[in-house]
């Protein structure tokens, strides 16, 4: 019995328990307890992982276990984690935890909602703990499908359209992905689907030439790579709060993580062939998303475009092939996950009260809901990279790392990407100024209440982690550094 | 035997294609059912004829026919039950007009 | 750990702790408690800063006849591998403490002014909503500013640089229900953020070519960076020029140099003590501090950038002085005066050399920074007292206030004399050194600064007469009254500082190379500068002491110029045009449109055509059994025919 | 073949064939449903005749009893239940008719062509041995090779299902109406 199983089993057990419950209040409590257990488990995993490393265990992945599943295609349920996946698991656990609390107010079909929500979390956790390409793909799909229902049923606005768009585009991405995975599998000699073993084999350069772009694109769609990002604004705008949180917070990270773990790690030569193309695309994502966010008037759209920009940064950094930038990429995944979840949580809270997300219809909320306002400002500051919060350390890692690239083109494009920090400041401050500061626009808003206790739990948890990463970056950076060695060592040509 | 096999087959072909023609052109469901009977009959004739002319020692063709007759009876019974039921609810048995159960 | 570092860490930790305490628990506290916590904390910080300064200058700072930087405590010997953030093998980001003459001097300046502002705020903000929040933000700012000056490496400086930006944002926008305040805060943040982008890029370039962030390596005149720099160029310009110019862009943003100055006048929307602390004495000199900190780098590697800085600063000082002459909002006048004076400091740095008497400009710059901090803070606090009494910023609502507010009147007068460069007040000494330095290096700048000195005296006294002399206005029932003790005490304290700081021997303490050099007043330059100052005062006296039509007539005679100056030479309009029309309308909106309609439209088009195609195909699946049979038979025939024709 | 050598069975075959051809065509083109049913009756009868001609007496008996006695009666009843006597059915659309005609004729011609050109390994002369009832019974209820217990049972179950289904369908609506 591998410890990692618990991350899939706990949600499964929770699903079973919730399936037999009837009372909404009980379901919520079970959900709260269950997600807390998951959070605790994730920290146990982190501590265990660190202690094993401290004891000098040098394996690339710890907690390895293989369970042959379909021998004729060499598919196995192989589990294993390294520092990056451990951090991702912690992130997912945090988001699931806060998401459960944010979903407290859901009354309509609460049971089904939480069932699908848990299903989503199974997919996410499963993805991060497996090292088998096929199992990864399977969990990826498991995470995608509930999204459709969660948005389509519990969403707001044009929910059917958005749900359909999101699902179809991501499915399109996963079609690419499947092709890529099969390409990797067969061109590596169809002996194994296990990442670690494939990494030791050599995939012929000719195969990499076509496998890499489609794998990268496949994951890139989920990572909101320009021009395949348009599902994100619509999807996020329509999704219920906790689903937006989980989706932007964790699911989009699947893209970045997959790019790093599968595309780059397995196909370094292919990656180098396409660097320029993808750098340009991700660079566009970064700037374009930020500029797009300025012109939006819907809070969720603003945040969605901001996510495009920040997730673009993740892919951008991954393509720099050096430890610093990749560290930054992983940090950015963590940081963006936390802060975007915080944003969506707050937007959900505000929307739930004011019933509007148009920034022009709000104003002076700071006086009405001071707690929310403070959290919002913290989130905005994290987003625009204030030192002491997580955004800063991740962005600085990315910029410094990317700028260390000896090639001038890389450095110039890094400088262009840097400009996003100004643009980010513009749209974040614009929103803060419009909705929280100034005069109260709508007199009805004066009667609104501040954050409820469950929202407070969610936001405070997120802020704590954001600040923790921001103030003590060395902790996460050390973990990530330790795990990037294998990946970066595939790129010996670059001095690092 | 003084009638060539092709004569029998010819009769069966004509009957078959008459059935096809009827099935496609008729709007009334009972009429379609009748066309179906024609088709089945022509097939039956084929079976029997081939049995007799090609494998006179055996009885497969005959048994096939026998079973087809059985199935046809069953099918007709159910079909007519449905047709009458449909007629009762929509007062019409034209195949074109019964669209409600689509989609 | 060494005691000096424990003290230095305490200096940083107390405001940080206060921020957390007041920020998290402030709501539960009474105003009095919150004010008390903030003020006591700052008192301790001030005392510790003085202690640090005294011990530094007279105990451990001076080694082998020169003041050396004392760096610690991280990374310390006990744990050398620990880095706050490790980028690469060479580039690490550590948070340490760097004590050298200028940082120690800045500690003194910041803690003193901050303490005064804290005390003053207890009176000024009395009964305001969000009092606790205000003190929390003040603490945050003090923490960040202190952190900025003791930074051991350029990245640490950047961190605190950003933090001061944010605290400035929060404090300018303190009255968050006032739309102008919110806009001003946003503007300040975004403009400085834009400048910080330059700073960041400068850091990236510099660190790439030098492989270090540490000031110790970057400014070591015998070190590898300055002795054997990389010869790389980009677009034909040396990378170091790029780097230092971009770094200066960050400094120009914070120090409100043209053309990035536009945020500072608007920042006056914040509470007046905040303006005194942030936008007069401390944060706005961060740019000067940055250049001073990296001075060897600027001087040795990129003297052309330094010259550029001097010219830019000279132009800025002239511009700001001209604009200040016609503003009517007293805080705006002071804001432009601040811009002008900071430009003075940068001029001094720009014309300075390195070492000995060559480094006169450097010393003068720091000297002026030091004296200016006090008298400008004093001016702002006086203005605050006036605003507090009148309830308006506009000069035409004021007049003849000397009757009501004697203490404020006297202190303001002294500060005006100081800024006008009249001996024996502090401003005279520092400004004089600057002029001497400029005279030795560049005559054009010298005359420009000379002229600006006159203008300074003129507009300050215009302000002075406008407020305290002139016609008495209708003040309504509530006559203006002298500020309470907790507001006037800081005024008096700062006045004392203004009177005596000019006598400090800066040439022995704070010099470009740490070694003292001889200094004597150049009367040949000092006397004319006094004369110019007096001339300015006289002109102002003639024009504004008693109400008369002269000023109006003069303004009418150069109406275009007057109008342009009043509108600050249309800088804001230009920026507005660029941001609103060019960036927002021509870039952002089209990008959003492009995204919604082209990119997303393309995706929707995919959906649309597959849908349309499906509809077409669906027509085949009509559900008509007869149609199916027809197709079925036909297909069977075709297939059978094909089979027969080609297979059998 | 010349007239003199015409045998009785040939005559009968031609009569039967003519009835079948005419009957089936009339079944599908007659515009009155009841007439169509009567034509169908003739077709089915003639088919039974063909079975007789081929010496499948049992089959012919089954044909007459099941088809004519069961199915056709059922059809006639349902015609009476669902339409007015003398009501004419709609003429099918001309396009549909033409296309269908083309397909059917084409199919028939194609089959005929295959028949003419194809080589079948059959003997023109066959002996018409009678199949005795005993053998049929044995085959139906045996489990050996060429014995058909399984289909027989399957058909039985099918018929049972039809009975139940028929009842359910027929009574389904009345229940609701109650």
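Labels for the chains are A, B, C and D, by order of writing; each one numbers its residues from 1.
Going forward, contacts are C-beta pairs under 8 Å (C-beta built on N, C-alpha and C of every residue); 3 or more make two chains touch, one makes a residue touch a chain.
For clarity, every value in this text was computed on a predicted model and none was experimentally measured.
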Taking the mean of all protein CA atoms as the centre, name the chain whose own CA mean is closest to it. A
Centre-of-Cα separation between chain D and chain C, whole angstrom: 101
Centroid of chain B to centroid of chain C, CA atoms only: how many Å? 95
Can you give the whole-Å distance between the Cα centres of chain A and chain C? 36
Mind checking the centre-to-centre distance between chain A and chain D? Centres are C-alpha means, answer in whole Å. 68
Among the residues of chain B, which ones contact at least 2 other chains? 20, 24-26
Each of the following residues of chain C touches two or more other chains, namely 630, 633
Determine which chains touch and list them pairwise. A-C, B-C, B-D, C-D
Show me the residue ranges of chain D that touch chain B in the complex, using the header's touch definition. 7, 9-10, 13, 16-17, 20-21, 24-25, 27-29, 33, 36-37, 40, 43-44, 47, 50-51, 53-56, 58-59, 62-63, 66-67, 70-71, 74-75, 78-79, 81-83, 89-90, 92, 96-97, 100-101, 103-105, 107-108, 111-112, 115-116, 120-129, 131, 135-136, 139-140, 146, 148, 151-152, 155, 158-159, 161-163, 165-166, 169-170, 172-173
Where on chain C does chain A make contact in their complex? 82-88, 91, 93, 155, 158-160, 162-163, 166, 169, 173, 176-179, 182-183, 185-186, 189-190, 193-194, 196-197, 200-201, 204-205, 207-208, 234, 584, 587-589, 591-593, 595, 599-600, 602-604, 607
Residues of chain C defined as touching chain D within the complex: 630, 633-634, 637, 640-641, 644
Chain C-touching residues of chain B, taken from the complex the two chains share: 20, 23-26, 32, 95-96, 99, 102
With touch defined as at the start, can you tell me which chain D residues reach chain C in the complex? 99-100, 103-104, 106-107, 110, 114
